[in-house]
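For reference, the structure I am asking about is given below.
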Amino acid sequence: MNRPALLTAPLLLFLLITFVAPIGAFLWRGVTDAEVAPVLPRTVAALVSWDGAATPDEAAFAALVADLRDARARDRETGIGSIPRAAARLNADRPGFRGLLPMTARRVEASIEGSMRDAVLAISEEWRDAETWGAIRRAGGPLSAFHGLMALDLRQDAAGSIRAVPDDQAVFRAVLMRSLWISLTVTAACLLLGWPIAWMIATAKGLPATLLLAAVMLPFWISLIVRTAAWMVLLQREGVVNAALGAVGVGPLALMMNRFAVVLAMVHILLPFMVLPLVAAFRGLDPRLPRAAASLGAAPWRVFLRVTLPLCLPGIGAGCVLVFIQALGFYVTPALLGGPNDQMLAWFVGFYATRSVNWGLAAALSVMLLAAVGLCVALYGKLAGFRRPGAA
Amino acid sequence: MTRGLLWVVAVLVALFLLAPIIAILPLSFSSGSFLFYPLPGLSLRWYADFFTSDFWLPALWNSLGIGVAAAGLATLLGTPAAFGLWRMKGAFRAIAMGVVLAPMVVPVIVVAVALLLAFGPIGLVATYTGLVIAHAALGVPFVVVTVLAALEGFDPVQLRAASACGAGPLRAFFRVCLPQIAPGVAAGAIFAFATSLDEVVIALFIAGPAQRTLPRQMFAGLNDSISLTTAAAAAVLVGLSVVLLLVVMWLQRRGQAAR
Amino acid sequence: MLHRRTVLKGALAASALPSVADAQGRDLTVVSWGGAYQDAQREVYFRPFQQATRTRLLEETWDGGIGVLRSRIASGANTWDVVQVESEELLIGADEGLFEPMDWAAIGGRDAYIPEAVNDFGVGAILYSFIIAYDRARTPTGPTNWADFFDTARFPGKRGMRKGPKTTLEMALMADGVPPAQVYQLLGTPAGVDRAFRKLDGMKADIAWFERGSQPPQWLASGEVALTVAYNGRISAANASDGRNFAIVWTNNIFTLDSWVIMKGSPNRARALEFLKFVGQPDIQATLPPKIPYGVTAKGVNEKLSPELLANLPTAPQNIGTALHLSDRFWLDNLDRLTQRFNTWVSR
């Protein structure tokens, strides 16, 4: 036991540091909030007992002013913009905060006579709104449901009740459904197209079978980006397909930047992942069984449904899960061949991570994506078992 | 009758798989700049463009260098680990296997963003080191799976025989086991290399302009303006893939012969 | 045997590559907008600078968005040194501390540049316009204004528009009959924004969204779109270098400028300033407009340009006469809010 564990240790350590830990840390951001509490500690504390309905009292305003003054002094000293970062986080909850927080911080630096509440309200009427304070309380951390709710098009109001976001802001449930739907379509199409060719590879002999297998293996080895590029060249307005259509007097058609192009290219890219497990399943099938069923008088469709299909089911399931998992995570192909409403979950993860400083949301969407993948892997484990890790 | 129909469909599907790749290859030899047929003439101008531009050739070298380094690292870590997993049983093996195979199933976008955020503060973004580490992590499962498959055909009794003859465990591994599973190890390294050569998303997120790989440069080219230089780059990658496929097939034949 | 060699080679490469990269430090990385524009910059700015200083300059291409810059700074994963940004990105980034202050003394002094190009955190790079373009070969009688651009009955076919609220909302309002002088006043009200989105709703299915400036001329050339919003220079460049016959409609074009900034914390600040000083010289700048007709920002450049060339620039009197000047102030206040709404609208 000891020595084998020692042999795996370097690899496990490597993966722990370069893979598991970074992903864990990233996903952790989806359920936590760490930007606002360091900047507004007293405000967050003052809001714990607040009812969430009326504008908070003088104590909360005083805490806000004290917090902002300290944070501004600290930011000036260290050169790290903690206020803009807190503002960015609050802005994701309540648009307008990106300007409101730094502006308020600038204006409260001057000494204030009398009520802090009146002084802050004079800076902006936004501070009268309970939802403004609700956003700060929601972002107070350390644990937070905000990003997870957001990824499901839900939000919590200042009083604490959860409801759907207005229709014109809802987007993620649609994206999730779209991703599942595209992946399902691609999987079904792969099964439909993969079955005949896998059957022939498994049952035919000699050169034809080898050629068919080569036709599956070659694209399998060719880079995804090359195959996506090939489809872009084919489907362009002035591309191969439209030129051919033009020669017979059709088109030109808009074949790119739509759902059709995305699904077509994804089927092309993922088809080998369906064919190879199917071939394995069909090869493992005892040809005598269907023949026996037929000789006992079963009609061909009955033989297929009652004998062939059940025997191959694990292989079919494995192929489907393999294709579905990969389809769910697609990024490059939809980005290049699809329009804005053909983008899948992966695109939004990338978007919120690099084009909008919203790592919490990117992480929450990733959790969603990983959960879907995890379910599929569990299913695969049930179907194919983990003993044989499959063909590489 | 049914079988005839199946044949027709199977051949059509094979064509569907091959046609797009076959269709773009001749375009890269066009003397014109259009992306359709018939070709106005043949020339190597797009390849000349590929080999003289400021971007494409360095990208090819980056891809090869990062691929070799990542495959080397993955093989170095993956081969002993596979050997360990082969001799292991029980819950620890299942967990270790899960960790090792995880890079195969976790969507690469999640890995890319996680690495961007983890590598950023420690200065590994836009470095060769960062990209090699990331690609090695992606390649590891392929090495482990392939080596494990090769070990299936290796009889552990030989190790006991070796130790009975006085060889230490390390010596036994290197002199008895490794020569027999070498084709599997090499195939695993090639799978890892191919994984790195194919990878776009992580390169997009954590590579800098100095580490541009060929797939990343192609992504930028496709996003910007599709020129036939991109088709030439595609042809270069196809050529590389075919070579890798042939090597793996040769190794597999050797691996079977060794048994 | 094969295995041992592979491993050895891999190990060698793994240990050699990073040490080389680390020893050299990061090369100056300059980020611009790709396509014909960056090709021109490479020829007149980047290569001559590398030759003059015998240093290596790395290029990167982006397609804008203040969020990209924010993410880079906040994640600590910034590898960009000099970036060409749009006018409201300059204001927002300066406000949020994303840029290093501009050292004007090091790049020739404020007086060496036209007043619009001078900012505490950036120096103007080019003056340009968003215009309507179409291919005369396919559309002999083209549109003449934004109302025509939105008229899918008279001008069938797809439209290229820039993916984002900025310029798109202005164009929608002008197409809806709002005079340029009232556009921002109206956009400042919820009703005005709703009106712009309603106008866009009517054409949503016909819009192809571009994210990179190189896409519009390419889409026009391939017939992917019938009409498109575009950057004036790239259309002229396609006519000049690819022999296209694209028309530019200058009526109510949206006029603005881009600036160079230095990213906060750049380890290459001194070399970045050296670069900006180099590309700020009138003699060097005068070589850009002949490649791609954008206005440049150093004083004394226009005297060096031919009258034909000057007439093609967005600053020519007949071109700027009806122009809407992009309000960086408006977008400073509203970019985030409207981008959020736009992204939701567009991805549904």
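For reference, chains read A, B and C in written order, and residue numbers begin at 1 within each chain.
As a convention for this text, a residue touches a chain if its C-beta (ideal position, glycine included) is under 8 Å from a C-beta of that chain, and two chains touch if they have at least 3 such contacts.
These numbers were taken from a predicted model, which means no experiment stands behind them.
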{"item": "Label of the chain whose CA centroid is most distant from the centroid of chain C", "value": "B"}
{"item": "Chain whose Cα centroid lies nearest the overall Cα centroid", "value": "A"}
{"item": "Inter-chain pair with the most contacting C-beta pairs", "value": "A-B"}
{"item": "Chain centre separation (chain B, chain C; CA means) in Å", "value": "37"}
{"item": "Rounded Å distance, chain A centre to chain B centre (Cα mean)", "value": "24"}
{"item": "Chain A-chain C separation of Cα centroids, rounded to whole Å", "value": "30"}
{"item": "Chain A: positions in contact with at least two other chains", "value": "236, 238, 353-354, 359"}
{"item": "Residues of chain C whose C-beta touches two or more other chains", "value": "75"}
{"item": "Residues of chain B whose C-beta touches two or more other chains", "value": "116-117, 119, 223, 226"}
{"item": "Partner chain A, residues of chain B touching it in the complex", "value": "2, 6-7, 9-11, 13-18, 20-21, 23-24, 27, 34-37, 77-78, 80-81, 83-88, 92, 94, 96-97, 99-103, 105-119, 133-134, 136-137, 140, 142, 144-146, 148-149, 169, 188, 191, 194, 197-198, 200-201, 205, 215, 218-219, 222-223, 226, 230-231, 234, 237-238, 241-242, 244-245"}
{"item": "Contact set on chain C toward chain B in their complex", "value": "1-3, 6-14, 17-18, 20-22, 26-27, 29, 34-35, 42, 58-61, 75-79, 211-212, 214-215, 218"}
{"item": "In the complex, chain B residues that touch chain C", "value": "54, 65-66, 68-73, 75-76, 116-117, 119-121, 125-129, 132, 178, 182-183, 185-186, 189, 206, 208-210, 220, 223-226, 251"}
{"item": "Residues of chain A touching chain C in the complex", "value": "79, 81, 84-85, 88, 91, 95-96, 98-99, 102, 168-171, 174-175, 236-238, 252, 254, 256-257, 339-341, 343, 353-357, 359"}
{"item": "Chain B contact footprint on chain A (complex, rising order)", "value": "1, 3-8, 10-12, 14-16, 18-23, 25-27, 29, 193-194, 196-197, 199-201, 211-212, 215-219, 221-234, 236, 238-240, 242-244, 268, 271-272, 300, 325, 328-329, 331-332, 336, 346, 349-350, 353-354, 359, 362, 366, 369-370, 373, 377, 386, 389-390, 392"}
